[in-house]
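Pasting the structures here.
You will see chain A twice below: alongside chain B first, and alongside chain C after that.
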Partner chain A sequence: MTSNNRQTSNNSNANRSPVNGQSARTCQFKMVLLGESAVGKSSLVLRFVRGQFHEYQESTIGAAFLTQTVSVDDTTVKLELWDTAGQERYHSLAPMYYRGAQAAIVVYDITNADTFSRAKVWVKELQRQAAPNIVIALAGNKADLAAKRQIEVVDAQTYADENGLIFMETSAKTAMNVNDIFMAIAKKLPKNQDSSSGRTGNNGPSITVDRPGNSRAAGSDGGCCAGTK
Partner chain B sequence: MDEEYDVILLGTGLKECVLAGLLGVAGKKILHMDRNKYYGGESASMTPLEDLYSKFNMSPPPTDTGRGRDWNVDLIPKFLMANGLLVKLLIHTGVTRYLEFKCIEGSYVYKGQKIHKVPADEREALSSSLMGLFEKRRFRNLLVWINDYDEKDPKTYKDVPPNTRMIDAFKKFGLDQDTIDFTGHALALHSDDDYLEKPALETIKRIKLYSESLARYGKSPYLYPLYGLGELPQGFARLSAIYGGTYMLDKPADEIVYENGVVVGVRSGDQVARCKAVICDPSYAQDKVKKVGQVIRAICLLRHPVSVGTNASPGSIQIIIPQKQVQRHNDIYVCCMAQTNMVTPKDWYVALVSTTVETNNPEAEIRPGLALLEPIYQKFVSVSDLYEPIEDGTTSRLFISSSYDATTHFESTCIDILDVYRRYMGEPFDFSKVTRGLDADDNQEGAQ
Partner chain C sequence: MSTSSNRLEIRLKEREDEYIRYERFHVLVGTFNVNNKQTPPNILLEQWLSQVTENQEIEKSTIPDIIAVGFQEIDTSGGAYIYDDKKKEDDWEHIVRKTIAACYEENNKKDIQFTLLNRIKLVGILLFVYVRSTHLAKCTLVSNSTVPTGFMGIAGNKGGVGVRFRFYETDICFVNSHFASGDGQKERRNEDYLTIETRMAFTDGPIYSLKDYIWYTPAIVGGSAPANPQNSSNYSQWWKISDHDIIFWLGDMNYRISQPNDQVRKAINEVSIAALQKKDQLRCEMELDRVFSGYFEPPIDFLPTYKFDINTDNYDTSEKLRTPSWTDRILYRSKRPTVLINNQTELDTIQTIKYSSINNIKFSDHRPVSGLYLVAIKYQCDEQRSNRIREELIREFDRAENESIPTIEVHPRPPQIIFNHVRYLDKPTYPLTIKNIGECSCICTIVPSAISSSFQCLTFTPNTPYTINIKQQQHVNIGFNAKTNLRQISDIIILHVEKGADTFITLDVTLDKGPFCLSLDDHPITLYNNETQKYIYSNDRKSDSEHIVEMINDPPIVYIALIDCLRERNNVDLLNIFNSDTQDSLDLIPIRDKLYENNYDFTNNSTGEILMIFLYLLQSLPQPLISYEIQDKIFPNTKETLSRPEDMAKAVSIIIERLKAKERNLFFRFLLLVQKSWPTKEQIEKANQESGDTFNICIDILALSILHEHLDRNQRHAFILACLNEEKKN
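Up next is the complex of A and B:
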């Protein structure tokens, strides 16, 4: 059941370590996934981050904070990917989930019309709760099951155009458009320093509580574009 | 709901959420419900501001209060000690990655109708306006002694063994009453004077916690999460969800179901979720708790920072009014947060005044605190009963946490959390067993 096309290297320090050398600058963004249960949110992330697909992916357990780094022009874009951890199931997602999110993928299942209506509700919720400049992509997942299609491409495309969303049909199973949709978001994210340095904005440095002896103010490293100062 | 769970938790206050996180990591199958449609229960931060007004049965806020979503107003004021138990729990569970904090900028104490910066180290003590020259030296000697004090090394006792009454320890250093007051209340953070008759070790440990916390980030020993305290339960609930916990908000718990005196489930409407144990806050088991006191809390919206006299006013501040200064038995606590803490719009401040109720006119009791805040744009006053469980739950498998007390930080909250954990698990929480920390990258674990 498992295909492992691509091994990504992620060491434990990658998330927090400062940018080394004078090479490309690094920007870090929080990206959230939204959509009904079982549309393939976790599968898309696992395909993107690990190149893996599990036919019978269980409901998300144990992993809800993956990171993946992509290059856009001369910039290294680090995506911090937040999964819902199942909290969407009974409409119990915490406001914390949306806070500081700079990008979102709203996922629906092309073989299930209900999930498309729900996707529209999630988009509204994002427009209400998230930052005004958030980059939103709509993913019509399970495109490998086109024979059972209930949502036409043109309908989703029209909705996406009307709402300024990136749109692609994807398949976590075949990997179709998975990297592409993440790359399209990465390209659209603002790479200037002010707009992408996390939750605090310009309100002075905040503290990331860390192991004893490691205390320091966040923003001095690991934030956006540390290499360009 | 139609499954069987190891534990059903009722109420998403901080205590229940931390427990859900710890038990989730320990492999327990969890259902977590809350009657409210928001996380946090008593320890929520109300947002938008409209929800705070409606909670107090008031018409919507005036338009000059700005965007409602820019407000996150805590119902219960508390801070994290930077080196305290809650920070340890955050680090050991990895929940710290979901949160950002700021240091509270100022720690002050009220004395003789004025407020003074709390001197926390030897250097500050020598320049403090709180004491005269000779008293400063005596106070400095006390701090040096406490700093060196090691329970395991009698040489550091300097003739004050750990079980000496604290009042006698103070006498040995010749401190006057005012210095004893601010040391016991603004550094050791005791809320009344009962500690004076108790072993000195407890107070020594508290003062060490204060100074170690201060040493972490500098300005004060207190940390406060961006967007308010309500972020804390949300973070731990997320941890629990990541480990498979099921979350249901806006879900009334109509009945805790027993068989032969032992909990077997929770009924909501006509559904019963079966379980082997229930953990809840006192509001979900009102027939199994006893009232042990009352706390009054006043939430105040301000258009100005709290004045600290001649110096520039810090946006975020704590002021302790020791009981003797206002002829009381319990201290009055004042704290204030601002836009830098992401809890108010620009140029707005939210302050809370709280104390343990001693009379039948509680609002009069907090007047000295409110006086420091005038003019107050809007005030929301609540008097809450404090409850404790009647039984420890080991027989019935119903484990009830205690209400949030008037103390100004989370140490007693965490002690209760760890106590419920011990009662439920039958063994104390072992910090060393929890591996999930900043070193454990989620990418290496994975969903299966």
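Up next is the complex of A and C:
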């Protein structure tokens, strides 16, 4: 009844055009920071997110989170960063936060050999108990205090290589390698829809009591990847 | 999440002035109702197009960049409804082609060429869009669409056709429509507009069915998949007419002049067109915002274009004597009314250069109308700049998101609950202050952590959750109810902020060493003086005395002291003690402290106090007097109670067989005591009349004291009652 001589010209428009609202894909991931107390976990997060550094950073007595979005190639990667308390007393609560995480940064202090041993314990625990495809980075923080170094770069690098970890020495104080280590993780995170959905590695709330609003802490916000087109 | 990225794209578009460079291009638009006339062979419509582009003052012709021409009534003779007469379409295209060539391509020294970008036809409605060939590479995402509004809303004798494409970075759309005719059909025409406006949809993906249109709902700028995308590709984009940056809507709108015919004709003869325009239905309806909302049309300075006697300049002389009207119009709309050119001059996005009708093309009963416009086009996108703005926006969004995270501060910091020297029945409290230091109100709850073992001992006054407004604070008293059978507690609980951070609260409790929470075997061995035939109550043991013997099968001295005292008093009123008024008046702290100090002189204590502290002592045992294992043996099934006599006999034999000597000794002392004080039937009835269920409460407490909370309540009751009966028999 109606003439329908549609001519559909399909000129390629695969590239992102900021003018006409075709956004790139957006992925969201949960990342947790672990390590002995006072190695600089909160400082790394604050340097990365706010570009700030406080010489006397209050010690974390729980688990706090901040959001930071980065661009990796044509993908917008939104990181939900969970900064945990490092004190040994709180160790048993860490699984609540690393469960369901797609990435982890294990931090040690290059001027304190004990913190490196502790970092290795964290790595082992993550390898055993976290999501199987979790991306782990090792950060040797306080690189600005190289004079007081107790852990040689080569030792940490060897350990990282043996365990398939991203490794960088960082300094939250001077900002050295801070963005880099987060970006390195963001690059390594799987951006395809299936593998980054995070639902596979997420065992749901880790505490069984009725806990209103625990979705966030319990990590049910698994990362997910959504093309907006 | 997709909403946040949509938000980003919208904000980015809002700031496009900062990264888009505009250039102005000429757009020529023509509309012509050809009245079903056979195409006159070799006709040229030169003036239709050239009249608007010729600048007589400088004797120079503007070369348009885009030419869109629409025809109505190219052939609505019967056959056209059934099959498409492609030849008519081709004929008209041929004419337009030649006209454009005559106007702009030939006789021009520059190498000027036009290319037909797209054409679309719906029965008699036909639209061609040409672009200068030099721009062809910058024309992308070309698509067309038709919406019939004729007979039953589906016939194509009336309706609209559209062509959209991206010109450089601007989404531009041309719509050619033919609305319902007739003087009184104003509302029908408004309706036709609305139908086309809501139903016309363009896609760069394949089209499946009319359903796609119907289900299509406009989403965000630039379009998205239709709301019901079950049969359309995920990757295609959709546009509605209103999604475009620039829209030209041309056609035979058929709106009339609402004025008596003779007056109209008189006005025409006097060339007082301005007054006549006030009676133009389209103008009036637009002013009332009933149609073409947001569209513009420059003032008309040409005569009504309808209806002429063919090949004359005379308005309709037929019987119908139709009122002359401006049926043929070109309207436009731009998403932004003005743009910044070269970052400094603010100009109208669409500027009309000329809008006119052509009087010497007379083969139709309509006159052709054309307009020339100078249109600001998004010419170039500074990618670097737009990426920088994108990053800036992302940072802004992150900042906003991080600032909107509810944030609290706690005092003391860190919250460490340490209770030392706690005695059984103590209720120490820890004051905690939660202050909202964030940018929004927050909801806090205190929850056990994954390792919590003693959460049930804690009380929160007021109880959680707490809603705390900005800058407000909440005081909470965390109480520890030391009715626990643990001596040492090390725990972490969590102060959780909804959508925010967690704060850990450590809890360390050390209970004083004393008779509570101590298993019978952990008490000192009970001593007995053979000579005086009395138990040794005092703590300093006269071990040198030859008359003193260790009673390894007897319960600890504190139990014996309490039971003996109660038996001596002869006034244990079970029903009264468990009456709530009595309960409230009992202050057990002094007698409790006596037990901690191994002082077993209860002369000043009431019978009620002595009985209650005895029962608490039993409740504080790490394992109940009748161990869980034995309880399970007696009640192998969860629902079973001891209803038959032989069951009870069996239960007693289990107890005798399994219960260790010390426990058995204490258990029978307990039974004897209770037996002795057991109320009579009359007493029970009286008590129950007075205060409800006192008797049951009494049984409940006695049962819980020796069994703890393990069995079903009915089973506990059955057990206690059965034991008492059995004991009576003996």
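We adopt the following convention: the second predicted complex is superposed on the first by the 170 of 229 C-alpha atoms of A that agree within 3 Å, B and C clash if a C-alpha of one lies under 4 Å from a C-alpha of the other, contacts with A are read in each partner's own complex, and residues count from 1 in each chain.
Here is the rule we go by: a residue touches a chain if its C-beta (ideal position, glycine included) is under 8 Å from a C-beta of that chain, and two chains touch if they have at least 3 such contacts.
Everything numeric in this text was worked out from a predicted model, so none of it was measured.
Contacts of A:M96 after superposition: both chain B and chain C are touched. Using the contact criterion defined above for the overlaid structures, shared-chain residue A:L66 touches chain B and also reaches chain C. In the superposed model, A:T76 makes contact with chain C only, not with chain B. Shared-chain residue A:P132: touches no atom of chain B or chain C. Of the two partner chains placed by the overlay, chain B and chain C both lie in contact with A:V49.
In the superposed pair of complexes, A:G86 makes contact with chain B only, with no contact to chain C. Of the two partner chains placed by superposition, only chain C is touched by A:T26; chain B is not.
When both complexes are overlaid on chain A, the residue A:G164 reaches neither chain B nor chain C.
Across the superposed pair, chain B and chain C both touch chain A at residues 8, 10-11, 49-50, 58-59, 61-67, 85, 89-90, 92, 95-96, 206-207, 209, 211-212.
Those residues of chain C that touch chain A in the complex are listed here as 1-2, 4-6, 8-10, 12-13, 16, 19-20, 81, 84, 118-123, 140-146, 148, 154-156, 165-166, 169, 171, 203-207, 220-222, 224-225, 234-235, 237, 378, 381, 383, 386-387, 389-391, 394-395, 397-398, 401-402, 405, 413-415, 443, 445, 447-451, 455, 465, 492, 494-496, 498-504, 506. Touching chain A in their complex are the following residues of chain B: 39, 47, 69, 83, 87, 90-91, 96-103, 216-217, 223, 226-227, 231, 234-235, 237-238, 241-244, 246-251, 339-340, 342, 437-448.
Chain A meets chain B in the complex at residues 8, 10-12, 14-16, 42, 46, 49-50, 57-67, 85-87, 89-92, 94-97, 99, 129, 198-200, 203-204, 206-212, 215, 218.
Of all residues in chain A, those touching chain C in their complex are 1-11, 13, 17-23, 26, 28, 49-50, 58-59, 61-69, 71, 76, 78, 85, 89-90, 92-93, 95-96, 206-207, 209, 211-214, 216-217, 224, 226, 228-229.
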